[in-house]
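Paired with subunit B in one complex and with subunit C in the other, subunit A is shared by the two complexes that follow.
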Partner chain A sequence: MDSQVKKKLNMQKLLAPLALIILYVFFSIFGNNFFSVDTLKNILESSYYIGFMAFGVTFVIITGGIDLSIGTVMMCSALIGAYVFKQLNWPLTIALFVTVGVGAMFGLVNGLLIAKLELPPFIATLGTMMMSQGFGSIITKVQSQTWPTATAEIGSWFKKVFIRNTFYIGQTKFSGFPVGAFWLLAFFIIGALLLHNTKFGRYTFAIGSNEEAARLSGINVSKWKVLVYTVCGIFAGLGGIFYAAAYTTITPGTGNGQELNAIAGVVIGGTSMAGGSGTMVGTLIGIFIMSVLKNGLSACGLQAPWQTFFTGAVVIGAVLLDIQRTKAANRVKKS
Partner chain B sequence: MKKLVAVLLTLALVLSMFACAAPAETEETATAEEATEEVATVETTEEAAETTDEPIYIPVMAKGFQHQFWQAVKTGAEAAAADYGVEIYFDGPASETDIDDQVNMIKTELAKNPKAIALAALSTEAVTEILEECAEKGIPVIGFDSGVPDDQTGAVVATASTNNENAAAIAAEKFGENETLVAKMQAATPENPVVIGCLSQDAVSASVTGRTTGFVNKMKEIAEQYQPGLVSVEGHTKWESIVDNPAIIIQVEVSATTEATSLQTSANALLATPGIAAVFCSNEGAVVGFLAATSDGEDLAADGKYADLVVAGFDAGTAQKNAIRNGWFYGSVTQDPYQIGYKAVELAYEAAMGEEVSDVDTGAQWYDSTNIDDPDIALLVYD
Partner chain C sequence: MPETILSMTGIQKYFPGVHALDGVDLELRAGEVMALVGENGAGKSTLMKILTGIYEKDGGKIELFGKEVEIHSPYEAQQLGLCIIHQELNLLRDLTVAENIYIGRETIHGLFLDKKEQNRRAQELLDSLNIKIDATTEVKRLTVAKQQMVEIAKALSFPSTRVMVMDEPSSPLTDTEIQELFTFIRELKAKGVGVIYISHRLDELEQISDRITVMRDGHTVGMVETKDITLDQIIKMMVGRVIYEEPKSKSNVPDDAEIVLEVRHLISDDVKDVSFVLRKGEILGFAGLMGAGRTETARLLFGADKRTSGEVLVNGKPVSISSPEDAVKAGIGYLSEDRKQFGLCLGLSVCDNTVLPTLSDFVKGAFVDDRAIAKATSEYVDKIGVKTPHVTTAAKSLSGGNQQKIVIAKWLLRNCDILIFDEPTRGIDVGAKNEIYKLMNQLVSQGKSIIMISSEMPELLRMSDRIVVMCEGRLVGELGIEDANQEKIMSYATMRE
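Up next, the complex of A and B:
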């Protein structure tokens, strides 16, 4: 009996990857030229920056918190990075560090507001969401900023390193190879190790399961919370780099709503908004489900409003699944 | 086991929604279009295109759907699609700041291997790689509306657009013909300077910046005739040329975002400027924001609090046409959106057939309460 139940639970864990595969096959059959290398690249490239944000916010959501500021922080980081590179003529490598630094700074502010000043995460990050949006516009004087293109005189390596590159292995030419996928994979592994194999990760889960119990068992909850939000901010800054690599031009005053894409990806991946449970691999699958859906629906000729509509439906479906899963798990515990 | 069945059913439900969506897609989009479409013939042409064997497929990537301007472009594009028997897919991001959405849209369309692409890019830098890919694959790109300014890849073979600088200069010229405004400019002193405002929704897109530049330059030239050396351009670093103790100030007001509320805030700032005598709104969005700041334009009427203000707009739209008909606006400059859409698809078709194509200026006109209902103007000013 026990092993049977365990099997069932594993089956349910497979549902998210299964849904991803079914969606992909479905759109390959019905979409206009969906099953192609080009489309696969598009799916990958449009998920990089959401992926980074989602990795970061996974930690926050597991602690039972929320970070609404990641979308605008991402844009703010990318704006300021481009600003120091283009307007102040700082070297591109420094600009990249500035980009991540701005993200880390806002993450730290979030952490301090929430852990030390005990603001509710929703309110604190709502505030920093607006502040980061304004901050980016103020620094750049509401001018859109551009990162170097692949043919730029200075910094043409930016796109080649972070998004796609053409190179030769022996005689074979790899045209427009999506190198960004390796970065996403690398940071996925870092994120997964951090979450599942370190003290930091264990405390993240502990805080999310029962904050009071964590405190009583001697965990310095506020210190680790500050760290969690800072990590989230760093990931948002990294997202800024990949957003810049994919879209080059950063417009001040944008970024609102991007955080919800990332949070939706996390939720689709089975992380509970109540905190205490979740996986990094779930988040990775969640963002790919959204990306496949987006690209697939437009390959079927359905315009943007339809994509938003169906993404919403999937979020609801995923949470329904999650509720079923939790119920099943609770039954196992009781028996 | 029961639970698993329930779970699988939930999944099946979600998935079946997609399954239902795909076959129903053509009907649903068709009805949606029916509702928004002004020209009834479009429906039949779409169906005709679908039944033809492998028609030439041309995506038309606009900068948005927000303004009625784009609906008029779409009407023109669909008319050309019907005339040339090509299949078009007209799409654009929800907002004109959604550069990432547009990039994704174009990438998706490119994956469908189109014969040509018509494109109004939100940002040239953001689409550079895509254009390189087009150049590599030999897919001709036709710019329309603001097109793809400063394209270096050679993918853009021709552009169907309004020359925005020339078009906006028309408004400045008309300001120079306005007797009240000329009298004010002549009487202006450094102690009581006259302010001429220019309201723009951004300093990013080529069309709006082009118009702002065209207006500012021409207005400065005209103002210099009355107050040589005392004309100052202020408000935004991009156009700034500040003169000490100016008698005429050209104030460029750029709003924080392209949303109407933001433009309204900027319009209020202009209206509160002492000595404000005239305002040029550089697109439909700016006009809508300006009207919102003036009680839907009623403050500009003969007995309103801004009765003396000389206002010119750009583009058209119901609210702007109403303001012009009532004489609240001095007049407006209009592009020819129908021609922009039509020429874009025409050029794309010709380029896809391997013909030589070159840029087309789709023209601009001044219209005011006296000629707004003339047949050749009425055709250009969409609702």
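Up next, the complex of A and C:
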């Protein structure tokens, strides 16, 4: 009986990776030119910036909170990074640090509002969502900002380092190699280690599972919550770099709605919105599912509206599964 | 003699592992106030929950106006004319008095609410009961006493209401308000309503009750006419159970043992100037009725709530405790009365819970050393006998006693010298209780000191070296274990101002 239950739970853990594989196979069969290296590159590349946001917000969601500001913070970071590079002529490396720094700053503000001033996360981050959107526009005087292209005089390495590069290993030519995937993988590993193997991560789970019990265990809950939101902001800033590398031109006042894509990825990956449970690998799979869906549907000739529609359906399906999973877990408790 | 409107005979109720009610009898006459008294956990609330359809009885008979009835839901109880005024009022604070009274039975005219008519009816009802409240006032703008009146009026707006249960109605009220309540209850009596009045304030009984039913350990121990009995006799009846645990006859702690904790003038909204000392190797019992301020004192001491003023000295040195983090650093551990809400992260594993206060000790470089955690947890799991399939099992899948042990393990691992055990045996079975007692005795023999809050007097008398008694947020008495007994504790515990 016990092993059976265990098997069932493990099965449910495998559902998300299984869904990813099934989707990929499905679109490979029915999609036009879906099963190709180019499509695989597209799938990877369309998950970079959303992936970074999703890694960050995974921490927040596991504490039982939410961060609605990551989409606009990401844009604001990229905008200000480009501004200091282009308008103030700061070196590109410094601009990159500024980009991440802006993200960290908004994350810190979120953390202070939520942990110290006890604002509900939804409200606090709704506020900073609007503020970051406005802030970027104010700094740049509502002018679009551009990051260096691959052929730019200064900083042509930017795209090569972060998005794709052509290089040789021995005699073999790798053209348009998606180097961004390595960054995503690297930060996935950092995120996973941080979440699952550090004190910070353990406290993240403890706070989400029972904040009061964590506090009464002598944990400085508010300090750790500030840190969690700051980490989330840093990841949004990193997302900004990859958004910039992919799209070059950043328009002030955008970014709205991107946070929801990231949150959807986290939820599809099995992290509970109630807090206390979730995995980083789930988030990674979640964003890939969304990315496969997006590219797959367009390979089937279904355009953006359909992609949005089906992504929504998948979110609902994933949460329904999550509810089933929780119910199954509770049944174990009773028997 | 007025007719008997309600009689409950031989009521039985089982909860998992507990025989909560064992043949309880209660009867009520028209126009009488029957007081129902007993210690915490005697079964008063359970009995009333059966009467009002919240629990189903497992045996016995309920007769209403001589006819046997089965009550399966609060709705059925209401239809039968039984209603209860709970300790926590069930009013919707943002709605008006009239809206609250007629909630679920709104006055309707066609498709729409007829507010005017509803307000008129409510006002009529309030006037007829001599309650001076405007029916269009929002409930949140009324005092607690007035809100209680509204709740009673609501109960009486059901024309069939003949039996009213009041669960400690006087506890949130001031003295004048209590007098108003009594006047009101007397009016109810005059209308022929029978009132079952639950109270911990024994001094009130003389004023308001006609007869008293005393419960103890799930039995009815007696029913007496109020005029024939003294307060002392009631207390004797309440606590006079056979003490199944031998009380400690003598303190194990010498009078000159070193003082490990001294609390001076602890003050907050609920705690009124509490001072006490705790000696090395001592179990200091905190006795008192529910709401006496014991848990509040513990939480203040532990830094879980904000204090107005007060000083704490650990090993003779003043420590500043403004958060649980500070308290833990000072070597104080707190086992909450409500482990689900305050003690455990139920969704997390046994080992994650156990190492929560000590996680920093298990960090190697940047990472947490899971192997060391599992090892340390297994050691404590074995040492105190937590029955769990594995240390990675989720805490929620364990039984209450084992969950409690995890909370204890957590503080043992932290090596806290001062432990606050708040109702450590609540909701766990007898066997597990004994194990926890044994564990506590081991701890003090190792030189740790324990503050034990308990509502079970035999438990306090068995475990404590010294007992302090609280009442209404004040520390009203202190008893060495040599001269402590249940009667003395009870008379301190009811020493209201």
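As a working rule, the second predicted complex is superposed on the first by the 335 of 335 C-alpha atoms of A that agree within 3 Å, B and C clash if a C-alpha of one lies under 4 Å from a C-alpha of the other, contacts with A are read in each partner's own complex, and residues count from 1 in each chain.
We take it that a contact is a pair of C-beta atoms (placed from the backbone, for glycine too) under 8 Å apart; a residue touches a chain by one contact, two chains touch by 3 or more.
The model shown is predicted, which means the values in this text are computed figures rather than measured ones.
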{"item": "First (subunit B), second (subunit C), both or neither touched by A:327", "value": "first"}
{"item": "First (subunit B), second (subunit C), both or neither touched by A:170", "value": "neither"}
{"item": "Partner chain in contact with A:149 - subunit B first, subunit C second, else both or neither", "value": "first"}
{"item": "Touching partner for A:215 - first (subunit B), second (subunit C), both, neither", "value": "second"}
{"item": "Subunit B versus subunit C as contact partner of A:193, first or second or both or neither", "value": "second"}
{"item": "Contacts of A:206 with subunit B and subunit C, given as first, second, both or neither", "value": "second"}
{"item": "Subunit B versus subunit C as contact partner of A:277, first or second or both or neither", "value": "second"}
{"item": "Comparing the two partners subunit B and subunit C, which touches a greater set of residues in subunit A", "value": "B"}
{"item": "In the complex, subunit A residues that touch subunit C", "value": "2, 193, 197-199, 201-203, 205-206, 209-210, 212-220, 276-277, 329, 332-333"}
{"item": "Touch list for subunit C against partner subunit A, complex", "value": "302, 304, 323-325, 327-329, 334, 336, 341-348, 352, 356-357, 359-360, 363, 366-368, 370, 389, 394, 396-397, 410, 414"}
{"item": "Subunit A-facing residues of subunit B, complex", "value": "1, 3-4, 6-7, 10-11, 13-15, 17-19, 21-22, 25-26, 29, 89, 91, 93-94, 97-101, 103-105, 107-108, 110-113, 122-123, 125-126, 128-129, 132-133, 152-153, 203-204, 237-238, 254, 256-257"}
{"item": "In the complex with subunit B, residue positions of subunit A that touch it", "value": "8, 11-12, 15, 19, 22-23, 26, 30, 32-34, 36, 38-39, 42, 45-46, 137, 141-144, 146-147, 149-151, 159, 164, 176, 243, 246-249, 251-254, 294-295, 297-306, 310, 313-314, 317, 320-321, 324-325, 327-328"}
